[in-house]
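Across the two complexes that follow, chain A remains constant while its partner is chain B and subsequently chain C.
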Partner chain A sequence: MTVRTRSTTAVRATPGRRAGARGISRRAAAVAFLSPSMAVIGVFVAVPIALTFWISLHDWSMYTPLSEMSWRGLGNYQDLLASQEFFTALRNTVIYVLLVLVVTIPLALALGMLLYFPKNAGKGVARAALFSTYVVPTVAIAIVWGALYAPDYGPIAQAFDAVGLDAPAWLSDPGTALVSLVVFHVWQMIGYYTILVIAGLTQIPIDLYEAARIDGAGFWRQTVSVTLPLLRRTTTFIVLIAIINAIQVFDPVYILTQGGPAESTTVLSFAIQRSAFQYGLAGQASAMAFSLLLVLVAVAGVVLAAMRRRS
Partner chain B sequence: MKHAVRVATALAFALVMLVPLFPLYWMVISALKGPEELQKVPPTWFPADPSLGAFGEVFQVIPFGDAFLNSVLIAGVSTLSVLVTSVMAGYVFAKYRFKGRDVLFWAVVATMFLPPIVTLVPLYWLVSTMGLADSYLGVMLPWLANAFGIFLMRQFISDVPDELIDAARIDGASEARILWRVITPLLRPAVVSLAIFAFVFYWNNFLWPLSILQSDDKFPVVLALSRLLSYSTSVRYQNVVMAGALIASVPTMLVFLLAQRVFVRSVARTGVKG
Partner chain C sequence: MRITGVISLGAALALTLTACGGSGDTGNDGGKQTISFLTHWGPEQVTALKAAASEFQKKNPGVTVDVRAVPFANLLSTLRTQGASPGGPTIAGIYDLWLPELVRDGLAAPAPATAAADLKANWPANLVDGITKQGAARGYPNEVDLYALNYNKKLFAEAGIAAPPKTWDELVSAAAKLTKRDGDKVTQQGFGVITSWPAGVVHPWLSLVGSNGGALLDGSTPKLDDPKVLAAAELYARLVKEGSTQPSMSNANANTTGPYLDNFVNGKTGMIIMANWWQSALKEAMGDKYGDVAVAPLPVGPGGTASAPVSYSWLTVVNGKATTAKQDAAWKFLAFLNGPESGKNGSSAMADILMSMGILPSRTSDLTAHKSDLSDPFIAAYVAELPNAKPFPAVLGGEAMSQAVQKHIENVVFGKETAQEAMAAAQKEVADILTKAGA
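Right, the complex of A and B next:
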């Protein structure tokens, strides 16, 4: 009993030592708290980025040990530059991303304004309906879209028929397959981007609209002079996220077209997975993957720089 | 003019609800149709003779029940792990000071934007070299922690007043006790939204299981569904495929409906998905 009392006072008397001991225990706690997630992210994200580059410099079949790969230097990249397939995949990806952006950005802004400003009932329900497409498994809902696009049995063909138009063959026509996938992508993701726009709109002070109204500005004038300029940060962010989401599209391509017809929907991510897991060309797949990463970093840099310069 | 605007707005609202929900409607009615009705041209918009038969059939054609349980296991364990690791790392990044903290934090955040396809090949190599190809652990391991969760938790834990933590320290609470007993109870909305996000993400994840799994008996439900689709491309079997798609969608839709407000709010707050 006495011993315990004495030791308490001893600790109290030396605050420096106590703080030191606590500093050590706190440092130990920090290490313990951080290490699980840093280990996972380090081993399964950071290391693989470096490995992607390393493998891209080699010939490797994917299913043999890494020690059996042979050095190729930049050979895989030279092959890519000479490969028709790579440029097809690159072109398809660029078209896909651009189409997604061109449709998504104005539509998300319009829908965000529609679901934010009017005082209609049912706003919450409409937001929820719009967002619900985002949580359904892509595989499941892509299967449904396959049925919607079906030439004879599908409702879209029927709707075209009803208004006297010739329905395109959608997914089975090389001319329309990629566009069909874009429509599906926009349908699935638009609710998510709309919510981001709404979040941005809530940050704009209402006084600004009142002031604009007093100055005689109508709805269009308010949109152009108040809403859009003040949404610039939000819009830039959405552009960036939309690019990143569109550039890695895989599931619907795998489920609906397998890259066809006639390679018209072979986008980079599909080409990478196919090269590696079906053709066993891990070196070439990695060269494509690393190129994709470089493109992505460059695009992100451009978008962020554009934002910084304008603001 | 005012009237016209109001009508147009109401019409737009109707469209905003109709367009997202129509494919879901088509999924349901196609699952309820029989083989003959599915082959009708033009298609019927209401099932003439709705039947639940396809929902039983999908469990006989493929081991769909096992696949469903596999998804529960994979998504459940991954979600739990992400919650625990994110709260811990978020606490350190929010409340500890050390050299290089911010650099490390932003490096972690940057990985949030990395498309998984970029690292797919080396990830496959790493996991199979560990002897974990075609195993549950192999499916889950690379995803047991993620940057999005850490980012989300750091944002929320930053809002917790330092005085609360200092007071707990003066009372002699250990760091672990402070984290789990003082801070975590204050994070309920963040924990709920991260749990939903992670669950939806892991339930829907397709590319990685597709690449690392071989045996049917370990397939998660989305992978089983894609196999089912490739077996039954004829429109006659569409009811079975649609029934499978519907069952595969139920858990995430349910989670979304139950926590829709929290979900939408947390998208708005953080802007990015996991």
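Right, the complex of A and C next:
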């Protein structure tokens, strides 16, 4: 037994060493190939997140070196839970995200199908025009929208007036300011989401539509039973990206409303910027930013889990 | 995580700059010095500042002045991300509300004896007091801004109003006469307020509070529950309720322009309380119609005895984190820039730059040198109010305090809170903010 065992071990030893050597070599290669990208991710993602968390445990005005921060522990997080400003910003952010999702997703799906299925010559031009709003810098466009939204004398108000309607005060009214920013967001981003939908549609085999037609399915039946189910992965991706983009909205708020009027457009990203750079409360701002990160991770997890369950 | 990144990147940037230093010169005492001047001025003023720097460099060959300009909205964030670094700005033009924090964190160096003597001899004592913290002057006061009632003479004439209101009752009455309606819709408001801009909301309102004998703080204790303060909030609520003030015409954007300005320049607002610096904006926007604009002291409330507008100032500070040699060079440049030999006809270059924007300079000899410019009716009305002005309290946590008050005044304007509720809530919030800030 002993001999045979030894013999077996001896016989297997060589391939095992080879396999081990090959494994080490593969690991080394993996490390070598992954290192650059992991280093970039580490420096630009992991370190900033860790640093933000570390700052959130301190009081810091940003005027002094990090080494002079004062330790606060979880005090900044406790302050957030008692902060009306934080919850106002959180509520505004949630409303903003929900409005964006409710409008954007159906609209992007509809526009995507309109620009994919019909055999029209102008489709390319229409797609380019739709996408162009996404390419223009937000700062420049936000200023233009500020002029468009001007109450009474702005072009949109004039158009309402021309048809005998009273125009809302848009950005000048707490009741409509956030919705006005949503309209701007949808206008700017819809082209991007539509292109994503079109990309998803190109992945659906044309045979399925032919089969559905042979079975007597009309346009709506094909949409409900073929298009939408097979676009689920694309839709999941768009929902996630739309949530993330909406949660991070900052430029138009900063340029057009500064969080007002009466805090009606103070979203989390603006509240974070204001705490850090205007109030000099970088610890509190970092606590908000880190909380936002956790919320985003949780939302992404829930969306992905829900979609996976449905699949 | 864009925001997480922004904050961390700011921190990383501060660390990197701190580590690198970033200066091209020796930075040591005795060597050639390069100092930087951070400002939010526009291109025309930056050109004038560069010209003054060139003159200074001719007289001081060992010093180079590098002018860096950023938009107003980015000035504070630039200071926060670069201020602590030796390679950060050596000199910065700052809003006086930011000074306490800069002093606490060592970024606003105390003026050396020569600069302190210069300040004592050539600036009004109340302005020097305003920039004196922890027993030392912290820079050179530059511009002074204060508030007054701006009104449209043409609209006043159309409404049959002979003179600007002197009391709150007259203000309410004039505002009602100036308000025009087309059915239910107000097409011209009598009295305009500003929203979505902290200083634009708080300073005019606080000027009315002061003119009613009230104040925002007593030392570091908020006084928002004082009946004299509450009365100013009730005045706003009344004007809105009567339709003389239209909240929808009040919005400002990040550039401190927007509907509130457009409505005044287009003759849709009869009266508004604003600071002297917007003269250039009015001239540019109104063209020939600028002649319709007139300025008057603030209407006095029932609890007050005289107009008491809020004033604030901008000053230039020297970075306390810079090397001693750089700090010395910076103070020398500031003495030159604010001295009577750097400008025209006995004015300082600083005053020439400020007057090009319609802003009041603060050096006593500059007021004399620009006497003819200051006799312009618009500016002269503000100059006349200078003795009555009450500086906005520059305390630790001042910016957060200001924005808390802004929120509640806007709540009154938009009918989300009564004046009583707003002031009670603001009192509590401001007290918390100041306690937390250690004011």
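By definition in this document, the second predicted complex is superposed on the first by the 269 of 311 C-alpha atoms of A that agree within 3 Å, B and C clash if a C-alpha of one lies under 4 Å from a C-alpha of the other, contacts with A are read in each partner's own complex, and residues count from 1 in each chain.
Just so we're on the same page, contacts are C-beta pairs under 8 Å (C-beta built on N, C-alpha and C of every residue); 3 or more make two chains touch, one makes a residue touch a chain.
Since the model is a prediction, treat every value here as computed from it, not as a measurement.
Student: Just to be sure I read the superposition right, which of the two partners does A:Arg274 touch: chain B = first, chain C = second, or both, or neither?
Tutor: second
Student: Counting residues of chain A touched by each partner, does chain B or chain C come out ahead?
Tutor: Counting contacted residues of chain A, the larger count belongs to B.
Student: Considering only touches as defined above, state whether A:Gly75 meets chain B (first), chain C (second), both or neither.
Tutor: The answer is neither, since A:Gly75 touches no partner chain.
Student: Please work out whether A:Ser286 is in contact with chain B alone, chain C alone, both, or neither, and reply first, second, both or neither.
Tutor: The answer is both, since A:Ser286 touches chain B and chain C.
Student: Touching A:Ile49, do we find chain B (first), chain C (second), both, or neither?
Tutor: both
Student: Contact-wise, after the overlay, does A:Gln248 reach chain B, chain C, both or neither (first, second, both, neither)?
Tutor: Touch status of A:Gln248: both partners.
Student: I'd like to know which partner A:Ser61 touches here: chain B for first, chain C for second, both or neither.
Tutor: second
Student: Go through the superposed model and pick first if A:Asp173 touches only chain B, second if only chain C, both, or neither.
Tutor: Touch status of A:Asp173: second partner only.
Student: Looking at the overlay, does A:Tyr192 come into contact with chain B only (first), chain C only (second), both, or neither?
Tutor: A:Tyr192: touches chain B, not chain C.
Student: Touch check for A:Gly260: first (chain B), second (chain C), both, or neither?
Tutor: Second partner only, chain C.
Student: Between chain B and chain C, which residues of chain A are contacted by each of them?
Tutor: Chain A residues touching both partners: 44, 47-49, 51-52, 55, 62, 65-66, 150, 152-153, 248, 250, 254-255, 268-269, 272-273, 276-277, 282, 285-286, 289-290, 292-293, 296.
Student: Going by the contact rule at the top, pick out the chain C residues touching chain A in the complex.
Tutor: Touching chain A: residues 1-12, 14-15, 18, 73, 76-77, 79-81, 83-84, 101-102, 104-107, 185, 187, 195-197, 247-254, 258-259, 262, 266, 268, 397, 399-400, 403, 406-407, 410-411, 413-414, 416 of chain C.
Student: What residues on chain A touch chain C, complex-wise?
Tutor: That would be residues 44, 47-49, 51-52, 55, 61-66, 146, 150-153, 166, 169, 171-174, 248, 250, 254-263, 268-269, 272-274, 276-282, 285-286, 289-290, 292-293, 296 of chain A.
Student: Which stretch or stretches of chain A touch chain B in the complex?
Tutor: On the chain A side, the touching residues are 22, 25-27, 29-30, 32-34, 36-41, 43-49, 51-52, 55, 62, 65-66, 111, 114-115, 118, 120, 122-123, 125-133, 135-141, 143-145, 147-148, 150, 152-155, 157-158, 161, 187, 191-192, 195-196, 198-199, 202, 237, 240-241, 244, 247-248, 250-251, 254-255, 268-269, 272-273, 276-277, 282, 285-286, 289-290, 292-293, 296, 300.
Student: Could you please specify the touching residues of chain B with respect to chain A in the complex?
Tutor: Spelled out, the residues of chain B in touch with chain A are 9-10, 12-13, 16-17, 19-21, 23-24, 26-27, 30, 38-43, 45, 84-86, 88-89, 91-92, 96, 98, 104, 108, 111, 113-126, 129, 141-147, 150, 169, 174-176, 179, 200, 203-204, 206-207, 210-211, 221-223, 225-226, 229, 235, 238, 241-242, 244-246, 248-249, 252-253, 255-256, 260, 263-264, 267-269, 271-273.
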